[in-house]
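Read from first to last, the chains carry the letters A, B, C, D, E, F, G, H, I, J, K and L; within each, the first residue is number 1.
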Amino acid sequence: MKILILNGPNLNLVGTREPQIYGKQTFEAYFEELKTRSPHELSYFQSNIEGELIDQIQQANVDGIILNAGGYTHTSVALRDCIAAVETPVIEVHISNIAGREEFRHTSLISPVCAGCVFGFGMKGYEVALGGF
Amino acid sequence: MKILILNGPNLNLVGTREPQIYGKQTFEAYFEELKTRSPHELSYFQSNIEGELIDQIQQANVDGIILNAGGYTHTSVALRDCIAAVETPVIEVHISNIAGREEFRHTSLISPVCAGCVFGFGMKGYEVALGGF
Amino acid sequence: MKILILNGPNLNLVGTREPQIYGKQTFEAYFEELKTRSPHELSYFQSNIEGELIDQIQQANVDGIILNAGGYTHTSVALRDCIAAVETPVIEVHISNIAGREEFRHTSLISPVCAGCVFGFGMKGYEVALGGF
Amino acid sequence: MKILILNGPNLNLVGTREPQIYGKQTFEAYFEELKTRSPHELSYFQSNIEGELIDQIQQANVDGIILNAGGYTHTSVALRDCIAAVETPVIEVHISNIAGREEFRHTSLISPVCAGCVFGFGMKGYEVALGGF
Amino acid sequence: MKILILNGPNLNLVGTREPQIYGKQTFEAYFEELKTRSPHELSYFQSNIEGELIDQIQQANVDGIILNAGGYTHTSVALRDCIAAVETPVIEVHISNIAGREEFRHTSLISPVCAGCVFGFGMKGYEVALGGF
Amino acid sequence: MKILILNGPNLNLVGTREPQIYGKQTFEAYFEELKTRSPHELSYFQSNIEGELIDQIQQANVDGIILNAGGYTHTSVALRDCIAAVETPVIEVHISNIAGREEFRHTSLISPVCAGCVFGFGMKGYEVALGGF
Amino acid sequence: MKILILNGPNLNLVGTREPQIYGKQTFEAYFEELKTRSPHELSYFQSNIEGELIDQIQQANVDGIILNAGGYTHTSVALRDCIAAVETPVIEVHISNIAGREEFRHTSLISPVCAGCVFGFGMKGYEVALGGF
Amino acid sequence: MKILILNGPNLNLVGTREPQIYGKQTFEAYFEELKTRSPHELSYFQSNIEGELIDQIQQANVDGIILNAGGYTHTSVALRDCIAAVETPVIEVHISNIAGREEFRHTSLISPVCAGCVFGFGMKGYEVALGGF
Amino acid sequence: MKILILNGPNLNLVGTREPQIYGKQTFEAYFEELKTRSPHELSYFQSNIEGELIDQIQQANVDGIILNAGGYTHTSVALRDCIAAVETPVIEVHISNIAGREEFRHTSLISPVCAGCVFGFGMKGYEVALGGF
Amino acid sequence: MKILILNGPNLNLVGTREPQIYGKQTFEAYFEELKTRSPHELSYFQSNIEGELIDQIQQANVDGIILNAGGYTHTSVALRDCIAAVETPVIEVHISNIAGREEFRHTSLISPVCAGCVFGFGMKGYEVALGGF
Amino acid sequence: MKILILNGPNLNLVGTREPQIYGKQTFEAYFEELKTRSPHELSYFQSNIEGELIDQIQQANVDGIILNAGGYTHTSVALRDCIAAVETPVIEVHISNIAGREEFRHTSLISPVCAGCVFGFGMKGYEVALGGF
Amino acid sequence: MKILILNGPNLNLVGTREPQIYGKQTFEAYFEELKTRSPHELSYFQSNIEGELIDQIQQANVDGIILNAGGYTHTSVALRDCIAAVETPVIEVHISNIAGREEFRHTSLISPVCAGCVFGFGMKGYEVALGGF
């Protein structure tokens, strides 16, 4: 299977900022490791722009998407509509456990239209999600 | 009059996805038909990016705008501020009847600053809205 | 097509009270004009009594109804049930843009069961709505 | 005992509209059947007008009332005040199970002042309610 | 001045039901007394039907109205719109202190458009309200 | 038909505590009477433990269940799921009119999945409910 | 009867600030006029301090109090408890119609424990309130 | 590692009821399969009783727990306290995507204290969760 | 230890008003009794003025404070900030059980910053609270 | 007097888990100490099962109960009903100050029906509560 | 210009309590420094009593006021009314960033009537605010 | 110090639209003036696109940022996460007083993670904010 890992806003900072939370490994380095362990063919894209994430989901020519929508998780009806409209299954991932953080992070607008959700396993969550395909 | 039809996120998928809801006609094909029936000069733009919709409204050199803001309808204070700031009248259109869908779609942030609202007539709504100029 | 225009409470005052909002034309005078421009055969009824509006919708022998339910828009479950029960398509019209007024006017109980909604075009809204049939 | 069955808005449509929900029997026909099975003397009244239902309750010369207030159930403080003011016991009936329908139907303003409530048994609910006298 | 006292639903029961709350005097008897003490010319109307109250306010040829809207106080946007539309000043009266009763009675939809409010003085409130003209 | 009457927490106290509310008759005594009057074959079970009520509903070999879930009515998603999962029709009964009591008793989590609801007839409600089978 | 008029915070500014709302007459001047027209013996006290208003109500040796609690109306549980504890009847007055102002002014914590309420008659409201004793 | 799979109320019905949702395989059969594929040593327990689930978590002598708390997910503070108090990491699993179901299922009281969450993968979710250890 | 008992608004009325609730003993008399039974050295202060209670807490030269803040309990952020700022431990006391009274009394702004809370034991609560030092 | 101390879910873990919060003393050890200091005859019971706590309260043959309901405090209507139904006075205890913890712990369903409440004194709270009998 | 710095409840404790938050400098010492740096003539007043702050604002003979209302910020409608009534411009200051603290501190009742707001700069905020005149 | 002034959506219209609110000076002209008065080295960037603002904050090589996020202030969790993740201090500015405008503008998602907030001083607010570095 071909799987796209799609990261939203600020996830490009992983490994360079707030190492006490996210560790010192950049996502790119983690992604290289993940590729060696994965039975699937993986690609990766990151953007801080909501509409570019929508563009990617619409145009992706893959069998599945693992999406960490970052802050857009809680505010983007447009992203939700996009996931609902395409046929590619999307699995939602969050590094932290959003239910244990601020009130405004408790609701994910995109969860109801995702094929599955994986929250709170840290960076390992992307690999756990791969197990869902 | 010169009228701009401005479509927001995911409306580029009309005609290719979810035909049971939106039919099999693409928006571009519908737009060609509409031009032949309209007494006004029509132009068309679509973007998945919130800020690009704002750019279009600020820069449009037209007599009126028909806006279907898609998912940004319910979340974009920035789009609302833009419509309130320009003098071009904006008519809000939605293909479906948003009042009959999920709770988070019941509130439109942009309705209060639009010159008129047309909801729930399907694709025909764009033509009904043209009647408002 | 035969179309009934049905006006709810206080709309009989249009043209005689609050001219700065509704203009100086009575609805009856506007209706005479509208008939001359309409491709459809139009009839008209007004009542201040919620149940009489329900009676009209149940008994109307027409192809479509344009309903401005006035203040009952926001409070009448009975009117909603009536529209849902009959097969005649009902288009909801409001002269002003209800989303831009007081909080208690933001929710329309009847929108979800109407065939389409036209808000905020002033008196012209009835004519815009006719375009929806 | 003399019992009045009082039906509110749109219940006159039972048997002629939405047969998949309410069946094909009119309420009048059901009422004739019910009279033959009932140990009590039954009378029947229907109105779409809130105030006429209040008039009936105030003036009814009976030992008990079975009231299906339809859409006024959820919006009528006036009906509630009326039931609270008279001494005749009133039993509230709904054909469908209002707790399983839209949010705005979950609250009955009249339940707290009724002698008993019977919900969700379909047309049979009127007969179940008779068992409560 | 000519003043209309307008009573809404169930206020026709005063003096015959719940005497521990409203006393044993009918409103008609109280009204006769009030006329003898009042410096103004008084008339009186009561209806259980929301739309008839609206009709009365629209058509009243008086200098002021004292309105006890009963249960419609808390639910009628139509009544509010009517009071806002006419020029006759309306004073709102309630026999009991609505702020001290059930939660759903705490909000009066008509207070914001009335010239003044008099709550909680019992039957005497109508006379107190007369002092406001 | 074989009918199980299933009582939840504290209903074993009926007849021994708060006689001004529930009378002086124990539920066991009432049940004996009910059996003599019922056209159906009745059995009875009571437990204060939420999970034991679930066990009973899952394992009951009957044609119908009359359930008074007591305090679990308002808090038990598990009980709701159980009723939704089994095919045996369940009729919900409450001795008092829960809509007229404290705010937290107004919502029943199990009503939407029950075949019918009977509230507020006192002990007689079990017999009224039998009329629903 | 001996009546105390008790004014809360900022009411000492009446007549000197915001004359378009409150007019140009000071409360002291109005009070002198009122004394000449009143059948009752009037006294007057004003304070900006919540606790001093409480002290006055506790210690007042009068037959009735007319209280305009100003901004404390909406926030003071202490004032409410005080009014509830003393036997002197208290009539609540507001110069403006609080129901038509900001949301946080819609709830009066003291209304439920007052003998009557008079809102929205301007300065004349104090005289209207005197009619309630 | 030794892993306990702990299932809450009604999950014993999987495979025998609602096959269109849960399939025709019983959980026991699925569990046997899972054991053959798992690198970990697995044990299994199910109960409909909230307190017995708490007992199990307190007493489990394992390296990790996979918990599907069923309906107690949304109502049990006691279960949450238990998970927070023990040191054994607990991974929360739900077969369906709870965010896409009824409102009252959107909040999980136990998510904030779990080591990770896996929602919406159907029965496969238990295996996905094993990937998190 | 030196302990200050600090009473807020209206608690000076205990023993003279509402004897059915508070008994006929004044707080001063109760305080004299309490001093004879207490192992601690007690002092006492009462004020109806919020800011004076704050002054007392800031300036008190004692080992502990027992505070009954009366109506300020539910509205005073200033009092809360004061208790949080000083090092003297404060125990909150209420004579009645505030959780069983009106909705607006259910939240205590000061509980979260107090060393302990004692509610609902009547006058005896002050003595129960002494047991907490 | 004979007093039962009744502990709810997870309180059996005191002394063995989270010693930084609860200390290193088990409840059993504390209970032995408490018995030596108490003027009353004490007994003790703990259960994680909601219904067993209800059974205990119904069957207890004592003069008073000290109840720490743990997580059931915030969710159990059934426990509340039980306390309301029995005549034995129940004093509610919590080791921590629940008002200073998570939002969902701020409301206690059982407080309104308890004879008194003691919150936030740590383990000492049980002894403070004994002072209330 | 003449500027009054007005501090509300508990701000007299700055420098003596909670030094980790507010530092070790008293406000008086800071004020002396500020005077030497300010181009304006400064005066200073502090009170714990809400009504005394109102008195000061009403009577201040200055060109501008810098107000830190402390805990009254969130609860005082009276203070808001006072600021709205006087013509002296008032700038609101808070030492900490109130938006990042407890929920009940997020709303400032006085912000809407202030000429400007300066939050979260620590003690330096008073100087930043001076830049606003 | 090097300071970046970062303006969000629609702030490019300042000086050309709505001059009665924002004056006739463009932001660019104001910025030129500000540079001449500022002790710091200033740069400036504006974008209507949420993600581009995030890009700027992530990549800015400055000592401080003054951010007016316009309409994204109230809706952007992504912007908030960005400010929290970088070490550059960010001061939030709004030209108008957002607390005095529509309800949906009262909450700023970014305030809690900003170093300071300056609201309501008009264009001068940028200069006031510079005083905060």
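Some notes on this structure:
Here is the rule we use: a residue touches a chain if its C-beta (ideal position, glycine included) is under 8 Å from a C-beta of that chain, and two chains touch if they have at least 3 such contacts.
A quick note: this is a predicted structure, and the numbers were derived from the prediction, not measured.
Think of each touching pair as a link: the shortest run of links from chain I to chain L has 2 of them. Here the C-alpha atoms of chain G line up with those of chain I after a rotation of 120°, rounded in steps of 5. Chain C and chain L have Cα centroids lying 45 Å from one another.
Chain E and chain K have centres, each the mean of its CA atoms, that are 47 Å apart. The geometric centre of chain A is 30 Å away from that of chain B, both derived from CA atoms.
Residue numbers of chain A whose C-beta contacts span two or more other chains: 49-50, 52, 75. Touching pairs of chains, sorted by label, consist of A-B, A-H, A-L, B-C, B-L, C-D, C-E, D-E, D-F, E-G, F-H, F-J, G-I, G-K, H-J, I-J, I-K, K-L. Touching chain A in their complex are the following residues of chain H: 97, 99-100, 106-108, 111-121, 124-125, 127-129, 131-132. Residue ranges on chain D touching chain E, taken from their complex, read 49-52, 54-55, 58, 75-82, 85-87, 109. Every residue of chain K that touches chain I in the complex is listed here, in rising order: 8-10, 12-13, 17-18, 47-52, 70-75, 104-105.
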